[in-house]
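Can you read through this structure? Questions will come right after.
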Amino acid sequence: MAGGTPTADVTTEQANAIIQAGVQKAHDLDLLMNIAVVDVGGNLKAFTRMDGAWLGSIDIAIKKARTARLFDMPSGDLGPMAQPGQPLYHIEFSNGGLITFPGGIPLANGNGQVVGAVGASGSTVDNDQAVARAGVSAFDATGTQ
Amino acid sequence: MAGGTPTADVTTEQANAIIQAGVQKAHDLDLLMNIAVVDVGGNLKAFTRMDGAWLGSIDIAIKKARTARLFDMPSGDLGPMAQPGQPLYHIEFSNGGLITFPGGIPLANGNGQVVGAVGASGSTVDNDQAVARAGVSAFDATGTQ
Amino acid sequence: MAGGTPTADVTTEQANAIIQAGVQKAHDLDLLMNIAVVDVGGNLKAFTRMDGAWLGSIDIAIKKARTARLFDMPSGDLGPMAQPGQPLYHIEFSNGGLITFPGGIPLANGNGQVVGAVGASGSTVDNDQAVARAGVSAFDATGTQ
Amino acid sequence: MAGGTPTADVTTEQANAIIQAGVQKAHDLDLLMNIAVVDVGGNLKAFTRMDGAWLGSIDIAIKKARTARLFDMPSGDLGPMAQPGQPLYHIEFSNGGLITFPGGIPLANGNGQVVGAVGASGSTVDNDQAVARAGVSAFDATGTQ
């Protein structure tokens, strides 16, 4: 029986739940956010921009999510390594553009397998990260898979 | 005190209604769709990809929506003019990439002002156009605000 | 009948007034400037390059204006946050290229709504900023419309 | 005496006259236009977008002007040669994007030297070309140089 690596992928239903939770968190914190979800392949799955959120954060939210999935770690974890003199200096130039500050977080299923990522942008990086975390929590709550 | 041209913009609520209607239409027609909404400035407002929909249609759905807003006409209206020997041959190479086949439709408010656009991609151009049209109908039904 | 968020946009007449005021300021300070105005969507509205002004400042003036609109703040406000070790390090690589030093300023109407931005480039960042400010003053003087 | 090729360049004053004449022509024909002027080096010199003109024509107007200067001929003259099976097929992919339909015209001084170009976009190619021609006439009227 031919197969290939068994895999899993974030679903549209999960992506919607992630975005709804992020928007809810943004409302709670009085923020205006751009929120993106990418799938297991790093491709855009869902996106929303709240009315009045920064136009410049469209691209950043998507790139944060992509960065988190491309390296299976929070986008902000790359930041220290991407500084001048550090091992990954200028990694942001690769892959059509990465973002190495916080706000992008991988989505891992119950087996620890990364199946996508969420990215948020529209405020300070701490706020962006809080919104992304809310999205991850919503994903985690969608069940065992 | 400065003003500027009064204008209008598609809202997040409207964008969500557009996408939900498009997804519903896709279900009705047994299709898997990518659906994008851009705002008055041609910037991404909302996006969703149904589970299993073509990855190659992410970019196309977004470009269809952008094309429809950039020229305030259905993307498919540009197609005949963009053929070899026709007046707008290769216009697709402008603006970072356009799509000149059907599936992108402008969103015009009650004053006839274009405030954004919807783009759908994932099947035949006729099906894509039908899904985009369902989105426009949902937009038209969102009321005067 | 659909509506959308009421908003506003910088007009061609205002853009011309902004550029004329910027050029006048440049003459006063004995500078050669590139001056750009973008609209509410971040799209180019007007541009001029004074005879002898740096060619390299064409792109920078436009990107300063775009940056100011994309984040609704003066381009220079992003600079400190974009330094090595700071929260937005390398944000310049997003959005097709940003400029995070002074010379780009948002245009806000009487309601505090950002309807576009002006960017100036051709001298020191202080001089660039002074020219952009002259443009903003001219915009503010264009009245309520 | 060391020199280099004697050259000439379109001035800001001329660029403004070109754009004003183009806008006037657009008013006469009831059109909404984007008009760009590039200099002897093919670099942007001046640009304006009339209120309500197509957003997608910003890039096209600039590329028409660039194309006309890059090859010292009207952009539309390249069209027949850029068709499938013809000698310059897909030339539009070069130079960061060209436009090979009408609306871009070189600016030649009294010595037949090309010193820049004008590009217009916003309507049919015939209308675009008429607006660009009005710009050229205004340039020709600026004197002997």
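Note that the chains take the letters A, B, C and D in the order they are written out, and that residue 1 is the start of every chain.
In this text, contacts are C-beta pairs under 8 Å (C-beta built on N, C-alpha and C of every residue); 3 or more make two chains touch, one makes a residue touch a chain.
Source: prediction; values computed, not measured.
Averaging C-alpha coordinates per chain places the centre of subunit A 25 Å away from that of subunit B.
In whole angstrom, the spacing between the mean C-alpha positions of subunit A and subunit C is 30.
Mean C-alpha position of subunit A lies 43 Å from that of subunit D. In subunit D, the residues touching two or more other chains are 51, 55.
The touch graph of the protein chains shown belongs to none of the named shapes.
The complete set of chain-chain contacts reads A-B, A-C, B-C, B-D, C-D. Taken together, the subunit C residues at the contact with subunit A in this complex read 5, 41-42, 67, 69-72, 84-85, 87-91, 93-96, 98. The residues of subunit A lying in touch with subunit C in their complex are 51, 54-57, 59-60, 63, 79, 82-84, 92-93, 97-102, 124-125. Remark: subunit A residues 9, 11-12, 15-16, 39, 41, 43-51, 55, 58 touch subunit B in the complex.
Contacts from subunit C toward subunit B in the complex involve residues 1-11, 14, 39-43, 107-110, 115-116, 139-145.
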